[in-house]
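I have a structure I would like to understand better, so I am pasting it below and will then ask my questions one at a time.
Letters A, B, C and D mark the chains as written, and numbering starts fresh at 1 in each.
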Amino acid sequence: MAIRTVVWGENVHDRENEVVRAIYPDGMHGCIAEALNADPAIAATTATLDQPEHGLDEARLAETDVLTWWGHKAHGAVSDAVVERVVERVWQGMGLIVLHSGHFSKVFTRLMGTPCSLTWREAGEKERVWVVNRNHPIAAGLGPSFVVEASEMYGEPFTIPEPMETVFISWYEGGEVFRSGVTFQRGGGRVFYFSPGHEVYPIYRNASVQQVLRNAVKWAANPAPAWRDIRQAPNVPVDKAPEPIAEKGPRLHKPGEAGYR
Amino acid sequence: MAIRTVVWGENVHDRENEVVRAIYPDGMHGCIAEALNADPAIAATTATLDQPEHGLDEARLAETDVLTWWGHKAHGAVSDAVVERVVERVWQGMGLIVLHSGHFSKVFTRLMGTPCSLTWREAGEKERVWVVNRNHPIAAGLGPSFVVEASEMYGEPFTIPEPMETVFISWYEGGEVFRSGVTFQRGGGRVFYFSPGHEVYPIYRNASVQQVLRNAVKWAANPAPAWRDIRQAPNVPVDKAPEPIAEKGPRLHKPGEAGYR
Amino acid sequence: MAIRTVVWGENVHDRENEVVRAIYPDGMHGCIAEALNADPAIAATTATLDQPEHGLDEARLAETDVLTWWGHKAHGAVSDAVVERVVERVWQGMGLIVLHSGHFSKVFTRLMGTPCSLTWREAGEKERVWVVNRNHPIAAGLGPSFVVEASEMYGEPFTIPEPMETVFISWYEGGEVFRSGVTFQRGGGRVFYFSPGHEVYPIYRNASVQQVLRNAVKWAANPAPAWRDIRQAPNVPVDKAPEPIAEKGPRLHKPGEAGYR
Amino acid sequence: MAIRTVVWGENVHDRENEVVRAIYPDGMHGCIAEALNADPAIAATTATLDQPEHGLDEARLAETDVLTWWGHKAHGAVSDAVVERVVERVWQGMGLIVLHSGHFSKVFTRLMGTPCSLTWREAGEKERVWVVNRNHPIAAGLGPSFVVEASEMYGEPFTIPEPMETVFISWYEGGEVFRSGVTFQRGGGRVFYFSPGHEVYPIYRNASVQQVLRNAVKWAANPAPAWRDIRQAPNVPVDKAPEPIAEKGPRLHKPGEAGYR
């Protein structure tokens, strides 16, 4: 079965800014979904901020294998309830791909536990994305590096936790560097952050960028059943202990009582 | 100068439960602070939930090198404003030591980005804490393992991110295992989680446990100046780029404008 | 195409020790290969120490996607040339699964860069293998834990580098714990170490253990083309630099000259 | 007590190449030792390839807290016995700082378990070293970045294991990037690799580089007693098991017998 992928887009600049509109007449989310659907192993649809529940209701998320996230101007407008729902689905095993300015999204910062800050410059400068591990599934089909001719600079320090894997590091014309492709595991879910993708440049039309997105969806998809009770802290009563034990000493909780949280 | 350490205690069961009161007449926080102050390199004071701002106002946190955190019944009663303040101080470089049931505290789950769930059993059973890396500073002075005679069982899966370092793994009489001592880096701050410490057993009077606490405070203390602007994402204007560049193409932001977040 | 898997066995105790012979009439490698071949996605064959080049000549390794390694008594008898060949194939992208006493094999210690020592006891005691991340591909189809009724105890400290992922941690009847399933990345290749598997107990006939082995082979297989030149350190001459630069200052090497190593 | 540091230098180009001789009349090792000794917390001496046992006999290593390693042309001339001795001392807890072309040294590749290859260019180009975590002890006293005016380019992919911490990433004038400062833990010892330091440029006279070296020595020093038996795999006999167990089933080894290796 194809990987059920939802491409989430803030869809604010896509509608309001004429430069963005000219580059992405169907929105960035439309362009990304089209790029993903070029691979028959992926079945991508879109969802946007302006939809009810931002297009991410419980039922739809339950049937989503991988979610991609692009937001910028309206991070604060994303409802906390939807953020918690997305975060919990990641913990249950849904893959998450966070794009560009999504570094400051509620979803990403919530999963990282760090500021996720960086330095930036909007000058249409050249970015060269270097592949650190060419055998990583996310780098499949790429050469040693690829170029984004006009990019927004994102510079270190990028205040994320040390990644599980550093897949890409970028060089910028103006003198900075950035860990532009990094992976994390959060509960049952895999997370990939990928920085290229500023809205006033046609970056999601770049063939290498599209290849990375398709690779990342396939890497992030987890066929395991959803880990639905991952937030639970189940009590294991004395008579259900793997090894026979006798209860000793005082205790706070009555048998069968739920723990505090 | 001694390491300025604040021992934070929820101080609910310490006051309300007579078993706990009998073991810890000065509260668990009082016992922990005393154990820390046995080392002249540490200057520990206490703070509790019932104090204004939970005893963790801006000025005090600014002068705190390491914070230890014990909470259980009243995680939900900790104000979100104080949680954000503590989290931000960790990012700035303050060390944090999270104890036992603090795995479900707002502070810890916020920094981890995962559920931090586990399994548990309150049967006063034996826990043997194995030292995984005996040369780690947090294991200084310990043998290959030490025993907590009566402990609450905490079992895997412990849904944390893969640690930076696994320092201790525990064996339980009832058949479970647990990563009982693990380290993380979050922004400029070091975080150590240590699981032994249930309130109805005198675990914080155990000499090995006290040794771990002192070691952990010294490990977590960071002499670097506070990274005060770690949450900022500074723009680097074109004329301040490290390498001379010419601006190209369109942009969203006017020169000097702040980014979105 | 099925994953081309070679099950390497030392095949010494398998032949010489009658207890082992009774449990594994076709050798442990025979039993493991059979368990792997129960999955049509895997095509497993065997190789043993006593064959020419230990059954691992250049041509065969070049057509191997995943290698499993079991050795114990005769680690020292494995030729250094074959060890280097195996290690290089891992770097190129071949998956490697190291089993039980293989922790002290030349291949594993060479890839880890650490002693890989541990404590041990041969008493047929119970081992309970806990799943740390139930959504990890290597844990597919398992419950929260499984039991090996009679096992050799392997205890911490297990002197490996901090793993990329901790998949399993074991509890032993005699009081020890062990990180019994851990993953690493080495160059282009994935490495999984799995400790259950002592030769005088029928552990490779355990259904959960067999499931882990099949899962691990699928996890370790990397469809990327072999990274053949991973050991090379290519010079990038000035006129091939990604950005135009002028040569400045003195240098050691003449244009086109190889670097030192 | 000051940190007993040995600065190891290959001392081949230092003597034979007149450019190098002019920059470093006392050898690179002399220059580095002088820079370290500017800090009263460090007591640095030197050792070179041409000395008996390369200046690293058993007794001297036993009294060394931190070793720095610079080699290039003569990696192959370093005796395997000395390499094993150094590696074992790292496992026991000695800190190791590997410099520049030391990426291909026997000592470093042995500890990493990977090729440690990279790309390179000798053109005296500009390198800008970015600080990824400004609160890391190795970055103490540095700004957001510092410049090495003339450097040898070292480029990704740098085929090391994923680091414990990424401290520095470098930008090069010619368009490449490199993880120029990375940490690892190997057994009881901390390892730091730092790439700036080509011999035909006066890089070890750069104030920021010298600051990094002093910081790194202090970070790598471990006050724990040497873990002398880290290579041993001790048997824990049945009657010494932490929990009482009865022996069951067959076994390979007689009581008290050493394991195979």
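The criterion applied here is as follows: a contact is a pair of C-beta atoms (placed from the backbone, for glycine too) under 8 Å apart; a residue touches a chain by one contact, two chains touch by 3 or more.
From a predicted model like this one, the values you see are computed outputs, not experimental measurements.
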Target chain D, source chain B, minimum contact steps: 1
Higher-contact pair (C-beta pairs counted), A-D versus A-C: A-D
Centroid-based (C-alpha) most distant chain relative to chain C: B
Shared interface numbering between chain D and chain C [over half = same, under half = different]: same
Interchain centroid distance [CA atoms averaged], chain A/chain D, Å: 36
Distance between chain centroids, defined by C-alpha means - chain C, chain D (Å): 27
Chain centre separation (chain A, chain C; CA means) in Å: 31
Multi-partner residues of chain C (at least 2 other chains): 128, 133-134, 155, 162, 164-165, 171, 175-176, 185, 187, 242
Complex contacts: residues of chain D adjacent to chain A: 128, 130-134, 144, 155-158, 162-166, 169-172, 175-177, 179
List of chain C residues in touch with chain D within their complex: 13, 17, 19, 72-76, 87, 91, 101, 104, 110-115, 117-125, 150, 153, 155, 159, 161-162, 164, 173-176, 184-187, 199-201, 230-238, 241-243, 245-253, 259-261
Residues of chain C defined as touching chain A within the complex: 93, 128, 133-137, 140, 145, 164-165, 171, 185, 187-189, 222-224, 227, 242
